[in-house]
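Next come two complexes built around chain A: one with chain B, the other with chain C.
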Partner chain A sequence: MIPAIVDQPRRLADRHRRSRRSRATRAVATGIASGVYIAFAAHLIVRGFGWLDLDFLTALPSRFADQTGIGAALTGSVMMIVPALLVAIPGGIIVAMYLEELAAPSRSTRILRHWMNLLATTPPVIHGIVGLLVATLDLGLGRSLAAGTLTLTALLLPRIAIRARGALAEVPAALRHHAWSLGASRWQTLRHHVIPAARRHLLAASTVAVGRTFGDAAPLVVLGGLIWVAASPAGPHDPVTALPLEVFGWATRPEVDFRQLAAAGATVLLALYTFIWALGWIWRGDDAKQGARR
Partner chain B sequence: MITAHSADASKTRRREALVLAVFGGLTILIGLLALVLVARLASAALHGVTGGAEGLLVTLPAALWGSIFIALGAVVLAIPLALACAATLTEHPRIHHVAVPALDGLANVPTVIYGVLALDLIAPLLVTWLPGTDMRSALAAMIVIAFLVVPLMTSLFDRVLGGVAPELRHAALALGATPWEVERMIVWPVVRPQLLAAVLLCLARALGETMIVTLVAGSVATVSLDPRRGAETLSSWSIELALGDITSGGPHMAAMAVAAICLFALVAATHFGAETWLRRSTPEPAR
Partner chain C sequence: MSALVEMRAFTVRYGSTLALDSIDLDLHAHRVTAVIGPAGAGKSTLLRALNRMNELVAVSSREGTIRLGGVDIHGGDIDPLALRRRVGMTFERPNPFPRSIFDNLAWGLSIHGVDDHVEARIEQALTRVGLWSLLADRLDRPARELSLGDQQRLCIARALVLEPEILLMDEPCSRLDPTSTARIEDLLFDLKTATTIVLVPHSLRQTSRVADDTVLLDAGTLIEAGSTEEMFTRPRRARTEAFVTGRFDV
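Up next is the complex of A and B:
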């Protein structure tokens, strides 16, 4: 590598000019990239704004959804994600604690870690297809709330596990070494030292995974199709609709009105996602204020 | 005192064993359950192949090609942007504590939102700016997936570049290299395996992207190198099959299982490629 520099008899001033130019290029590229995301959000809001009126918004809590309301979709989404969340957050954190802290280093542990990572990267459509195959047909649940919840649980658990592992790995190793050297067992170290240090990060790690899973349309489209559901489900065997599903359904329509409705629905989805993400940020807190962790 | 202590110690040991058994058992159970589900999917796919599921000879090769083509195109578009963003981040460590959670948030935005944007904004723009582009084109999907992948790639790159020992940079600077030369000639070659692993992880993400391709890629089941035409992917094919009529064990269901198992195999291969690169470049940390 070094000879490459020596071989090119370029003047020092040229080399420094080039360095400055590349730095400017990178800064401009970064600025453009950030600008694009802001433009994306602005476009959605502008396009859907006309539809975000009182009708659209008052339909939210009313539970009566005509074609232009998202009340049933919102309640459906929440009813599907909440049971999934109650199972997947503790489950994911237990899996993460075992894989990251408790398991003895061995070949089988390594394979299990790789398998869990792969499950977390598996595209959500596949979860939908497996859900359709197993929950809907094999278990005979039909296209129902129960099938949707099972699918979302399977989607959420590995995602939370992988993020919780990251949160645990951020705790300095010295903390564990101190506890072990004083005779604490692995579980005692985890219970009394690692978890208190990582608690805020574990919560924050879960929130983004929940937000992403809440907005995943692909598994629900496969599972439920685009059936129009006019009411919120009363029981686990009732058909259900969800906000991302509704947005996708509107987007597939050719009419301009429905396209704008899709933008309005996407704006609401984005706002909800941002809210969940912001919760995570608040829980995570400012590390700089509470002492560096790395 | 001594007996009390030893009783205490044995109680601790017993609790330790119990926790290990419960947590480990639960983890292994979840892993095995997932394995059973994948096996069920594979058996349904096998059933479909032997039973002659529809579209296996025509749509499947086109969908495989389209998936790989669109994902590769998106990742190639994303690499320079992500490198630039990551380099800017490493240069300004003070914005890190804001930028890292922001990137994490951007990387996990529900993709149906990007799908709506692709349909509403990017596809019409492409039609006006690039005459000859179809309203539904592989190019539009590539561009939007690239923007979907950039935050993930940036945070992975940033972690890789930030993990380089500062001594390396300082030594090169002390020998008279300019900052750009340090990055391009010293730092990037050193971390090339990790950068490649990060790119592969993003490729896995791009391969599995569903909503954007379903809405904007057009589902034209042909093998074509022209990104201005429509394309079919494994995920968009599954969605189209799902929106059709599905009866228990019908030909649609079998074709979906085949598409899903192909997609799973693609993603798994990419993912393990990434993990192999990572393992080769860094020794397992001692715990």
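Up next is the complex of A and C:
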């Protein structure tokens, strides 16, 4: 009809205008968000760069700015996080497999899923408070490596479980149906088909959780908070410090040198987090490309 | 002739939704039975009732009985995994596992602990679907390299390698081109000598081409069941006539 043809250019121009406007809005929003981050990061790097050297990375804490370093904090972080990960990654994946694949569809499974969601989205500070009450005080672990690890495990496991569930859920349902139709059990289907298909996503999910945990000081601040620890822990009951705690401690001191040290420490934190995040991104990215080719 | 499958007062509910409403139905051996009806009629639910896949797919409840060769398939001593070996299934979308052609066929055997004459069984299954001459020298190639039509035939072979008594086929041709469709339809005539086929066809034309018997469902209710020829030429119910002549929503 003629009216439609006449009408078309005007509406088309209108649509193009709206599309341009939305693109501009998106660009501005992205610019603000990443601009702030980049500005902060650049500021930190400029301030702390002079302090970044091997000595800084390995030295134990000292009262003197030119002798101190993040050695104890780094080893503390690693010693707290690694055992936590060794439990939380397999544990989280097993919980995810159970909830997503093995449990028969029922009301109790549904409740369990909501419960996991709740735990995973609980703010880390609350995990810290619970950790303080249970691990530090009730279990008598004190402000030790063991208490930190236990709290981090409790924090990590539901987070990994949720991400792992997402990874499993991305495997097309048809794959399962085909396997089931051949008489495979849920477990056989999971082991032979779903896990291989989700492997990269599971890996990426775990990596992202690791990155976040490295920087997550909130539960530890509550747990043991800002204690002066001059050495790496030698056993599970030794006191421990973590990188974010050390940085926070320096930042609260009045001396300019310590402020700069804090900036250097924060740079290391940012670099670590970005590195781990990039690892996860690379693993996931490869997978996305493969998916597109299929 | 006694029926291979006897369904009596069989009802399936998904939550509060009635998917199948007290179905009484006999399926006969060595015939192709088409299950037809408008969208949401319960065709797939009926198919998946026969291999107890409904239990895996959604929260469902059931009443009534299904007997396969006189045995209640919901009996306490029935292993649903073993049942699914006897009642195979293929789906609308072919979905070979992302492995070699050989592994696709061998996997079903291995999960059922069959380790004798594996290669002979695979050759036989591929021969039955007409793929052996094409694939004999490239069984180690990834199955997903095949064309969609060949993938579907491979999926049929994957079910056949377990030598099922019944093969359930949920719209096996709806994503295929006319040539592949014709091939699969031809295949059905050969397959029914050894297997009983229950098929959700993707069109009424296909029904009239391949089905010996037809079952018409609508909103979970069985409208009419009988020989395809009779249902298409002398339907007993007005609703059947309306459906097979395209006068109510397909």
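Following the convention adopted for this analysis, the second predicted complex is superposed on the first by the 244 of 294 C-alpha atoms of A that agree within 3 Å, B and C clash if a C-alpha of one lies under 4 Å from a C-alpha of the other, contacts with A are read in each partner's own complex, and residues count from 1 in each chain.
Keep this in mind: a residue touches a chain if its C-beta (ideal position, glycine included) is under 8 Å from a C-beta of that chain, and two chains touch if they have at least 3 such contacts.
In this text, all values refer to a predicted model and were calculated from it rather than measured experimentally.
Participant: When the two structures are laid over each other on chain A, do chain B and chain C clash or fit?
Facilitator: Overlaying the two complexes on chain A (C-alpha atoms) leaves chain C and chain B fitting together cleanly.
Participant: Quick check for you: in the superposed arrangement, does A:Ile162 touch first (chain B), second (chain C), both or neither?
Facilitator: In the superposed model, A:Ile162 contacts neither chain B nor chain C.
Participant: Looking only at chain A, is it chain B or chain C that touches more of its residues?
Facilitator: The partner making contact with more of chain A's residues is B.
Participant: Looking at the overlay, does A:Ala266 come into contact with chain B only (first), chain C only (second), both, or neither?
Facilitator: A:Ala266 contacts chain B only, not chain C.
Participant: Let me test your reading of the model: by the given contact rule, A:Leu175 touches which partner, first (chain B), second (chain C), both or neither?
Facilitator: The answer is second: A:Leu175 touches chain C but not chain B.
Participant: So, does A:Leu152 touch the first partner chain B, the second partner chain C, both, or neither?
Facilitator: neither
Participant: For A:Tyr98, decide between first (touching chain B), second (touching chain C), both and neither.
Facilitator: Only chain B; A:Tyr98 stays clear of chain C.
Participant: Kindly classify A:His192 by the partners it touches after superposition: chain B alone (first), chain C alone (second), both, or neither?
Facilitator: Second partner only.
Participant: Return first, second, both or neither, reflecting whether A:Ile89 touches chain B, chain C, both chains, or no partner chain.
Facilitator: In the superposed model, A:Ile89 contacts neither chain B nor chain C.
Participant: Considering only the touch criterion stated at the top, classify A:Ser106 as touching first (chain B), second (chain C), both, or neither.
Facilitator: second
Participant: Across all Cα pairs of chain B and chain C, what is the smallest distance in the superposition, given in whole Å?
Facilitator: Between chain B and chain C, the minimum C-alpha distance equals 5 Å.
Participant: Residue by residue on chain A, keep only those touching chain B in one complex and chain C in the other, then list them.
Facilitator: 105, 185-186, 188
Participant: Within their complex, state which residues of chain C touch chain A.
Facilitator: Residues of chain C touching chain A: 51, 53, 55-59, 81-85, 88-91, 93, 95, 97-98, 107-108, 111-112, 144, 155, 158-159, 162.
Participant: Residues of chain A touching chain C in their complex?
Facilitator: Touching chain C from chain A are residues 104-106, 172, 174-175, 177-186, 188, 192-193, 196-197, 294.
Participant: Which stretch or stretches of chain A touch chain B in the complex?
Facilitator: Against chain B, the touching part of chain A is residues 1-2, 4-5, 15-16, 18-19, 22-23, 25-27, 29-30, 33, 36-37, 40, 43-44, 47, 91, 94-95, 97-99, 102-103, 105, 112, 114-119, 121-126, 128-130, 132-134, 137-138, 154, 157-158, 173, 185-188, 208-209, 211-212, 214-218, 221-223, 225-226, 244, 247-248, 251-252, 259, 262-263, 266, 269-270, 273-274, 277, 280-281, 284, 286-288.
Participant: Which chain B residues qualify as touching chain A in the complex?
Facilitator: So the residues of chain B in touch with chain A come to 12-13, 15-16, 19-20, 23-24, 26-28, 30-31, 34-35, 37-38, 40-41, 44, 80-81, 84-85, 87-88, 91, 97, 101, 104-106, 108-117, 119-121, 147, 150, 175, 177-181, 185-186, 189, 201, 204-205, 207-211, 214-215, 235, 238-239, 242-243, 246, 248-249, 253, 256-257, 259-260, 263-264, 267-268, 271-272, 275, 287.
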